[in-house]
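Take a look at these structures.
Note that subunit A is present in both complexes that follow, paired respectively with subunit B and with subunit C.
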Partner chain A sequence: MGMNQNRRVVCAGLVLAPLLAIASPVLAAGGTDSEREERWQDLRQSIFGERPVEDGAGLITLEAPARALDAALVPLTIRIAPEHRDRIAAVHLVIDDNPSPYAAKASFGPAGDPAVLRLRVRIDGYTNVHAVAETKDGQLHGTVAFVKASGGCSAPIGVSDEVAMQGMGEMKLRPAGPDTQGEATLLIRHPNFSGMQMNQLTRTYTPARYLDLVRISQGGQTVLELAGDISLSSDPAIGFAYRPGEADAFTVLATDSDGASWQESFPIPAHTQ
Partner chain B sequence: MLQYGMARRRLLQAGICLCGCLAAGTAAAVSAGLVEVAPGVLVRRGPDEEASAANANGIANIGCIIGDDAVLVTDPGGSLADGQWLRAEIRRHTDRPIRHVVMSHVHPDHCFGAGAFLQDVPEILGHYRLGAALAARGEYYQRQLADLLGDAAAGLVVPPTLAVGEEETVLDLGNRRIRLVAYATAHSDCDLVMLDETSGLLFPADLLFVGRAPSLDGSLSGWLAALDRLRATGAMRAVPGHGPAIVELDRAIGPLAHYLTILRDETRAALAAGRTMEEAISTVAMTERDHWALFDDYHGRNVTQAYKELEWE
Partner chain C sequence: MTAATLLRCWAVVLLAGLPVIAATLPAMAAVAEPPGLWTGPMVGETPATLQGATVIDVPALELLLEGQVLLIDVGKAARRPDNLPEDTLWKPVHRSIPGAVWFPGGGGGDLSPEQAQALLGRIDELAKGDKDTVLVTFCKPSCWGSWNLGKRLVEAGYRKVHWLPAGIDGWQEFHDAVPVQPQPGWPPADD
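Let's turn to the complex of A and B:
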């Protein structure tokens, strides 16, 4: 990416929520293995401090395409092995070479199930993607996938800003198929402007405006709380698992970086067994 | 937009320098010359390839229509180099003034050659949404193209000077009337369709792909509706955006309508069965794989687009 965009990135970094504000310099996509490792160690330090990230083999997996079909919409799936699910408090997603690398943090509540988390992200260049599981006692276990992509963060959304913002905050809950109990996908209409997309009328960059928090709960108990960032694709989709509870509805609260908020309720898909 | 990224990645993998050293001489590598598909209608058949330094992004079907008084360019090409090649070829056939350049839609393989015709001071026509689409995407495309071809060969974004609306615009090239109309969102959000009254040839641009995998960048349901509208024009023959230089319209629409219908129906079925996007990408419409050149380069992205469009139904 060009220098212009790197400057944009710095600007975008300043307005991010404190959780996600990482002032690391952006390296050009590419680089040697040792540069990538150095980059990751910088990020790890910024996000997790002195805590080591252990090899998460057998505990956490990350499914990502080796080559993105659409750099602005790369589907990722993070899974936690059954025997470890009760120990996991959160999952962190880091796209190392993205302008704002800390893409998401999903925290699981009492009604949540860390078994699976599906997100769609923007990927700006060739990069490592790290998924890190955090246990309730603060241990970290990570895994990594390498993804080849180009320009996902600056790619135009494809319609005008005005059209992209139509219906902002509309939501839909899609249950998983009959073979998959206890999973659903939440869709939210939101352009999730990255701050790196050109506004067609003003010829300036559309300011970053993105979903920064999505909380899904059932009967007052949190299922999942997702802190998001500009790396989530427009019209974010969150695939999640949940534990069957007493309540018959999910409540979803979503807020964005401009302070707008939306709330919806959805019937919990019936378990057939 | 994907095509440029992919081609670039391949070059990078091959260790080829993209720093502009390939800019020179690319026009010479552009495929075969102009073919006269009807009296006064010249078309260059774009090869079924991804954009590359070797083809200067000259991959779309481009050409011109020649009237008694003036020449109209039917898409100026995929880069400044490609446009320069086209202009030189046109000048081998006619010295009549180039008064109109039509940009059929926003994709760079169709419109980045416009800079080669600025010396003719033509009217540059596009869908009424093309200006906005180019303003939003032009710089992004330009950067990707410059990475691939070098700055000199890539060319700059040229905005349209005349917006074509949903009511027909009629041009007269001198005893040759051309009718243009803006379609609703289909292949892209700014598809322009043109009819040459003299030859009866329809120019649906990328609303019609023949033999080469289509790319969906607008609306799947909109594209299927647009195909019905193309049929309803009653035109017998057409110059598709990609594929042979000239085709029988109705026969050519069939396979594309089939692909898009299968894409829609199987994506809907995948959604109804609760399948994930990744599962849909690896299963939907794979029966079409042997029927289209560049299928693997475009199909997965088409499923992604279809899934994203249809999951809100």
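Let's turn to the complex of A and C:
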């Protein structure tokens, strides 16, 4: 959003102001970056309290499509620069304009590597997305991307609830690829109902039911613990990095908001680094 | 030539002609206007027209905004899922075109008489009773709500009703949108 656009919005507001006295508080706030920043500060306060979020340039990056092909399935990649990886304890993901903005928190255990985290999320409207790295001593470093996507939280899944729940909890684990040693993708079958999806024919809402915790460990050591929310897409795909360990298998434990839980083990892809 | 062959020939002619017909009469290929308010699923393909109103795109809206316009947003409000844990951070925000008035869900085709009265009454108030007020209705793309409201306004006697099917997403292609609050007194409480 450049100056130009902001100015045009302000101009439109000035034209409208005389007619729409009722809307003047909105106009006073302005449709600008400053208003989005205000919302972010409000969310930051709710999530992190008094702790400031410093500019994370050089430490954390967030890759997001400028325009999402599917608002219910927006791929995000968060990376931590190599020299900072050892001091990162967690990564928080905040989708500012989603009704439930705090989309995920990923905590890294001793067997984890914060180098990369890939998630697929629902985005409800054109919004800033914040990725915030938390250091082991509690400092916060953030970065932001603007994503054009709309209606992701309420988008119907496209099949009946029964079909969407078939095979719920089934998992697969794939190595990320030959060029990405030490990375893998965990796929979990789960509709991750947002609670905002309406069946258009019955006009009833499918109750929220989502993965609230996914813990990946190897040999008793945590790799990654992901606290999720309704903003994660159905059939979550979690891309993560890990450190070579002595164990030869990952154990994955997933629980959902209805109290169901699933556990599976997978051989660890060969790690030659 | 047998009757069957004749039929087949006709079918070929008809099929060959279809693209031409579709190209010359685009409205025929689209969803037809319902005779009254639409009460089916609220998200889906909408008609290309709204009798009695003008269908506009964003550049046309920009021109309108050089004068006085009453922008009316009937996008739905985010609904908190009943079973969402209490400690979940829930902070819905509704963004709209700057200056717009928002009647969440006001585009329903099956509003109660009280709701319809409250809606039209408030719009009449905002328009200061002037049926020549320039009105623009919108919600999201593929949303029947703004079509319905346009229909209601035409039926209520407004002479300058405009419908923006591109909705808030279309607007945001060019401009930012601002958070808005629902209009006071809307929706009216159920008795």
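Methods note: the second predicted complex is superposed on the first by the 236 of 273 C-alpha atoms of A that agree within 3 Å, B and C clash if a C-alpha of one lies under 4 Å from a C-alpha of the other, contacts with A are read in each partner's own complex, and residues count from 1 in each chain.
Here is the rule we go by: a residue touches a chain if its C-beta (ideal position, glycine included) is under 8 Å from a C-beta of that chain, and two chains touch if they have at least 3 such contacts.
These numbers come from a predicted model, not from an experiment.
A.B. asks: In the superposed arrangement, does A:Ser257 touch subunit B (first), subunit C (second), both or neither?
C.D. replies: Only subunit C; A:Ser257 stays clear of subunit B.
A.B. asks: Could you say whether A:Pro82 touches subunit B, subunit C, both of them, or neither, answering first, second, both or neither?
C.D. replies: Touch partners of A:Pro82: none, neither subunit B nor subunit C.
A.B. asks: For A:Gly151, select first, second, both or neither according to whether it touches subunit B, subunit C, the two together, or no partner.
C.D. replies: In the superposed model, A:Gly151 contacts both subunit B and subunit C.
A.B. asks: By residue count, which of the two partners contacts subunit A more extensively, subunit B or subunit C?
C.D. replies: Ranking subunit B and subunit C by residues of subunit A touched puts C first.
A.B. asks: So in the superposed three-chain picture, is A:Gly49 touching just subunit B, just subunit C, both, or none of them (first/second/both/neither)?
C.D. replies: A:Gly49 contacts neither subunit B nor subunit C.
A.B. asks: Look at A:Arg120 in the shared chain and tell me whether it touches subunit B only, subunit C only, both, or neither; answer first, second, both or neither.
C.D. replies: In the superposition, A:Arg120 contacts subunit B only.
A.B. asks: Classify the contacts of A:Asp70 with the two partner chains as first (subunit B alone), second (subunit C alone), both, or neither.
C.D. replies: A:Asp70 sits against subunit B, while subunit C stays out of touch.
A.B. asks: Taking the superposition on A as described, I'd like to know which of subunit B and subunit C A:Asp235 touches: first, second, both or neither.
C.D. replies: After superposition on chain A, A:Asp235 lies in contact with subunit B alone.
A.B. asks: Quick check on the superposed pair: does A:Ala176 touch subunit B, subunit C, both, or neither? Answer first, second, both or neither.
C.D. replies: first
A.B. asks: Which residues would you name on subunit A as touching subunit B in one complex and subunit C in the other?
C.D. replies: Overlap of subunit B and subunit C footprints on subunit A: residues 148, 150-151, 154, 200-201.
A.B. asks: Using the touch definition from the top, list the residues of subunit A that touch subunit B in their complex.
C.D. replies: Interface residues on the subunit A side: 2, 63, 65, 67, 69-71, 73, 75, 77, 118, 120, 148-151, 154-156, 158-160, 172, 174-180, 187, 197-201, 203, 235, 237, 239.
A.B. asks: Can you name the residues of subunit C that touch subunit A in the complex?
C.D. replies: Those residues of subunit C that touch subunit A are 41-44, 62, 65-71, 78-85, 88-93, 95, 97-101, 126, 140, 168-169, 172, 174-181, 183-184.
A.B. asks: Residues of subunit B touching subunit A in their complex?
C.D. replies: Touching subunit A from subunit B are residues 1-2, 5, 8-9, 132-133, 135-137, 139-140, 143-144, 189, 217, 271, 273-278, 281, 300-301, 304-305, 308, 311-312.
A.B. asks: Once bound in the complex, which stretches of subunit A touch subunit C?
C.D. replies: Going through subunit A, the ones touching subunit C are 1, 5-6, 8-9, 12-13, 15-20, 22-23, 26-27, 29-33, 35, 39, 42-43, 46-47, 97, 99-102, 124-126, 148, 150-151, 153-154, 194-196, 200-201, 205, 207-208, 229-230, 257.
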